[in-house]
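The following pair of complexes shares a single chain, chain A, combined with chain B in the former and chain C in the latter.
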Partner chain A sequence: MNLQNRYPFYFVLPALTLYIVFFIIPNLSGIGLSFTDWNSYRSEINFTGLANFEKIFSQNEAYLNYFSNTLVFTISTSVLKLVLGLALALMLNQGVKRFVHLYRTMVYLPAVLPTLVVALIFRSILNPATGLLNTFLRSIGADALAKPWLVDPSIALWSVIGVDTWKGVGYIMVILLAGLQTIPREYYEAAEVDGANAWSRLRHITLPLLTPAVVVVTVLNILYGLRVFDIIYALTNGGPGYATEVLATGIFRAFSQGLYGLGTAITSIQFVILIVAGYLVIRLMQREPVRA
Partner chain B sequence: MKTRILIAVLVMLMAALGIIATHAQENVTLTYMASQGWVFDAEMELGQRFEEETGIHIDYQIIPSDQYFTVLKTRLNSGEAPDIFGGQSGVSDLVIQYDVEKNAVDLSNEPWASHFDPLVAAQATVNGKLYGLTLWATTATTWVVNYNTAIFDEHGLSVPTTYDEFRAICQTLLDAGIQPIYEPFADGWHHVLWFPELGPRYEQVTPGLADALNANEATFAGNETMLTVLQQYQELYDMGCMGQNALSDTYSNATSVLANGDAAMILANLTFPQQVEADYPEVSADTFGQFVIPLADNQILNINPAGPTKFIYSGSPHIEEAKQYFNFLTQPENLQYLIDNTPSMQTLPFEGLDLQPKLLPKQEAFLNEHPDRGTVYQTAVTYVNPQWMDIGKDLTAMVTGAMQPEDVLQSIDKRRADFANAAQDPAWSN
Partner chain C sequence: MKPNLLQRGSAHLVAIVVSLIMVIPVYLILTNAFKSSAEASSMSAQLPTTLHWENFSTVIERGRLGTSFLNSMLYSSGSTIMATLFAAMAAHVLSRNPTRLNRFLYFFLIMGIALPINFFTLTRIMQITQLINTKAGMIILYSAIQIPFSVFLIYGFIDSVPRELDEAAIIDGCGPIQLFFRIILPLLTPVLVTAGILNFLGVWNDFILPLYFLNNSTHWPMTLAVYNFFGQYQQNWNLVSADILLTILPVIVIYLVGQRFILSGLSSGAVKG
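Coming up: the complex of A and B.
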């Protein structure tokens, strides 16, 4: 390798070293510790094989519920944010003519708010007795719609999904908007000349050329959904009961109980799911580049 | 002349060192981390006086109760614990939760240790060494049902002695449009009390049960009295006795709700009436009476000799300063100040210091009427207190229909087994 070829390696080496030391090695160590009985009650650590994983996948354990809740949360928020984000991006790219920048800022604003602040505000808004939402609904005579949003096990998870979608849709909109603005206007003009209506232009021009941005957004949403913790912990702490417990809160609970080996095992499973999910989404959604 | 100059220089040097030492001490800040509700205003006022006297500043770090134990265990395990940390006493917790023999300082020889109530001290002692200072009204603070006497009198109600009588009272109040019980689930800890506080009743029905549970010779699942308690708890919830918004109610609103008469009863400390009067001076403490938790027809007073306790972190660079703070707090005049200025603190667990308790005649009479007492199960039984919040989740799942009472008991047993196996408890390893 001549000197010129070695230069990139030298420049990457410091960052690569830090990455290996602070990410790769701890992750590999963590995966190793998931096969042990590491806990806060004793200082020694013993190899226990697959005991932690057997416990997680046992029908008697609540962890399977964590997986299903995580799946529901991930799929729901991904679809909602993508659909709503695309709709908003289309409106702000082509539909709305005046105050466009103001509307973009307003839609994006929740994304920059700290998650804890959003959760505390919505805990107040969604309070079944004194919350703003139910108070408004009762004032307009819609008492039947005034639900115990965060304390009814049958709807608590959907309430959390709603809050998370509200917070994250602006961020998705910005990415899709950037993707929309890379599509040459000539394609639309040519399509209009050929008599294509709005739906045809969306279906045959916008969506195919927006695929790279959609892939990015979908991967981001899925990875976020599979790792979600803060919004759930702050809104419901996994409750009522275990109705909104997800993988990350399960990991937190295991560590809180001092069962570090078990918590690390759940983390390892989550890691594998994230890798596989991200890879599959990218493979399934990538196509040949659309040519003019 | 030279000698005088030398002496003068030495004196100035010593003075300078003294100033530096004092300045160094003046710059000492003791970090004290505790859960919400464990550090009262009176202690913080004493902390200010301590700082004026010694120059040592106390930095009180109060953590929300639902996160406290997680934060504490994380900081203990990472070696970044505060100089002083709070924790529930109770021998099993001291070993399992805090590993005090590694993380806390031996306080056996401190001046106040000889005046410490032996029962309370026993809950802060491991292998003969005292590790904690419990400034909590443990022996006189008990969780009882506080009721509004005016509401009871208005509806011709009297203190129940059986569950059926209690249920009838609740129904009468419901029919009158009054919320019978204010039971806040949202904090995650309060609604658990109804179950382990009935330890004395479980022990009365099955003598030696606590020892059998600790020896892994008995389980929670299958115990008929415990199952009855949970079923009655479920029934009260289903009737609406705990209010329509119990799952989102918080304990911080308790004095407000009871002062306003929005609910007739609450499970609270014996000194809850004094707290109401302190928050709402127009509502006299005499407005409230007390009776023991009547589930499973219980009539035994529940006592918890354990309580929020202060420990000095063994890795603290300011151990001597922390001991100084403890010695300051335990001076008789300061203990009396805490009693006089903390509504929920009617006495403190110290002997031979001539402390004046602050019980109402009604409360003294209540204690005298209940000579039969027992220790609550979160202290008497191992591996119960560490899973308090998890039991809370199970009870919430139970009242919302996601779990059955039998499932709750099985869940408690399973978690006890997990903790016991992790600790390699011999009773579970055999």
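Coming up: the complex of A and C.
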């Protein structure tokens, strides 16, 4: 039996069909429809060229906010989750011998909860008047820090970033911790014998050998940030104003308003951004692995 | 590098503080779910004075948690079983028979991990296939969405099943279907369980798809039901907490029981890169 018969192509068909019909075709046809005035009010669809894109990139509309907010959100959460996740992983790996599993279980817990639920809980916690956070801050005398977290346009996005980091850092920590645990102890011991201090051990042993895990983590963070929806929608619904509106929530807004051509155009831009980002990071992933 | 006692003590301290920060919101929900409406209005961390168990029955009835629980269960298990099976079949062939076409198809499928969903055209397709606003439609849609990641996970694992087994099975007279279902699939169990749990949780916790595609409230899964309940009962944080608690209870149970698979699956997938 040759390979073709032993591993017949039809095995691939169910997965491929689902994927193409419900994923690829919508995305590709969506690109075409970005150049139309498709909406829910009229049944005929007219070609309008770059009209939608002109609207999206014009200064008079709010659409550019979607991009800037998404960018700020993505970069901030990626950096925060990476740095905090790494710090926690290092601490659990090197500082804490017993109870590692217990800590890991507790720190990862938020990651398995529905994002929607996390957002609802934090709506209460971040309530300016009665929320747990401000109550706590006032009780330790830090009244000035008790801000209107989700209501003040200048800090709303950062509050959302904070909540998302809270939820996501455990997930990142688990991946980095696993990466740390693959680094053989002998390397550290040899370095110590050679007189290296903790900082240089980190720089020259840990970080280089952790690169694959860091790359994976960064990819995951970026892909998440560019498509984030649940946490924004349930915490602030894009508000106040458009202060926290990101691509995915903006798309939903266009959907609700029946502006299908416009919404598809935003989605297509998101599609291109994701392909470029995905491709770039995969190129990074294929760099020469570190030889110890 | 043995940390001294002070270093270890402070590391433990930090770990405890961080763990508490992670757990406090859940603790908040737990305590407030038992309070009376007045007590819970400030959502404080104090313990309830009496345990109002009736909050739960109120919430199950008014929040239609019974129906939404069954819906969540249906969407999660249905789609996970279908997607994991299809992904395993595809990964098996694509990995064992690495022709140029098959290698292209693998990357084609993996690309889906990064791609967004175009809700507008997808809605149109759901309308054309008459799947919009149906439970079957949700199951099929969720399956499609799980395929890229599942193929990725399983493909990475399949190489650990020796090809000699395939040879032996063929010599014994196995056809391709028997080969896959009798020999390969059982050996894939660890990665299937990991993929299954991760996908199950992903669908269970999903909010955006039902938001776009399910207008009929009897089809709503728990996430949409709890959001709707919150909208209605915003003033009654005790009821909202009870609703949230019941919504996350299955997730926490699955997490505690299956965490070995979740955490090990994440780790091995990530470390191998």
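What to note about this one:
Throughout what follows, the second predicted complex is superposed on the first by the 273 of 292 C-alpha atoms of A that agree within 3 Å, B and C clash if a C-alpha of one lies under 4 Å from a C-alpha of the other, contacts with A are read in each partner's own complex, and residues count from 1 in each chain.
Here, contacts are C-beta pairs under 8 Å (C-beta built on N, C-alpha and C of every residue); 3 or more make two chains touch, one makes a residue touch a chain.
Keep in mind it's a predicted model, so treat the numbers as computed, not measured.
Shared-chain residue A:Glu192: touches chain C; no touch with chain B. Of the two partner chains, chain C is the only one touched by A:Met91; chain B is not. Between chain B and chain C, more residues of chain A are touched by C. Using the contact criterion defined above for the overlaid structures, shared-chain residue A:Tyr41 touches chain B, although it does not reach chain C. When the two complexes are overlaid on their common chain A, residue A:Leu150 makes contact with chain B while staying clear of chain C. Taken together, the two structures place residues 127, 252, 255 of chain A in contact with chain B in one case and with chain C in the other.
In the complex of the two chains, the chain C residues touching chain A come out as 1, 3, 7-8, 10-12, 14-16, 18-19, 21-26, 28-29, 41-45, 83, 86-87, 89-90, 92-94, 96-97, 102, 105, 109, 111-122, 124-125, 140-141, 143-145, 147-148, 151, 166, 170, 176, 179-180, 201, 204-208, 211-212, 222-223, 226-227, 230, 237, 240, 244, 247-248, 251-252, 254-256, 259, 262-263, 266-268, 270-273. On the chain A side of its complex with chain B, the touching residues are 37, 39-42, 60, 127-129, 148, 150-153, 237-243, 252-253, 255-259.
Every residue of chain B that touches chain A in the complex is listed here, in rising order: 66, 69-70, 73-74, 77, 96, 99, 185-186, 188, 244-245, 247-248, 386-387, 390, 393-394, 396-398, 400-403, 414-415, 418-419, 422-424.
Residues 1, 3-9, 11-12, 14-16, 18-19, 21-23, 25-27, 29-30, 33, 38, 88, 91-92, 94-97, 99, 102-110, 112-118, 120-122, 124-125, 127, 130-132, 135, 166, 170-171, 174-175, 177-179, 182, 188-189, 192, 198, 201, 212-213, 215-217, 223, 226-227, 229-230, 233-234, 248, 251-252, 255, 260, 263-264, 267-268, 270-271, 274-275, 277-278, 285 of chain A touch chain C in their complex.
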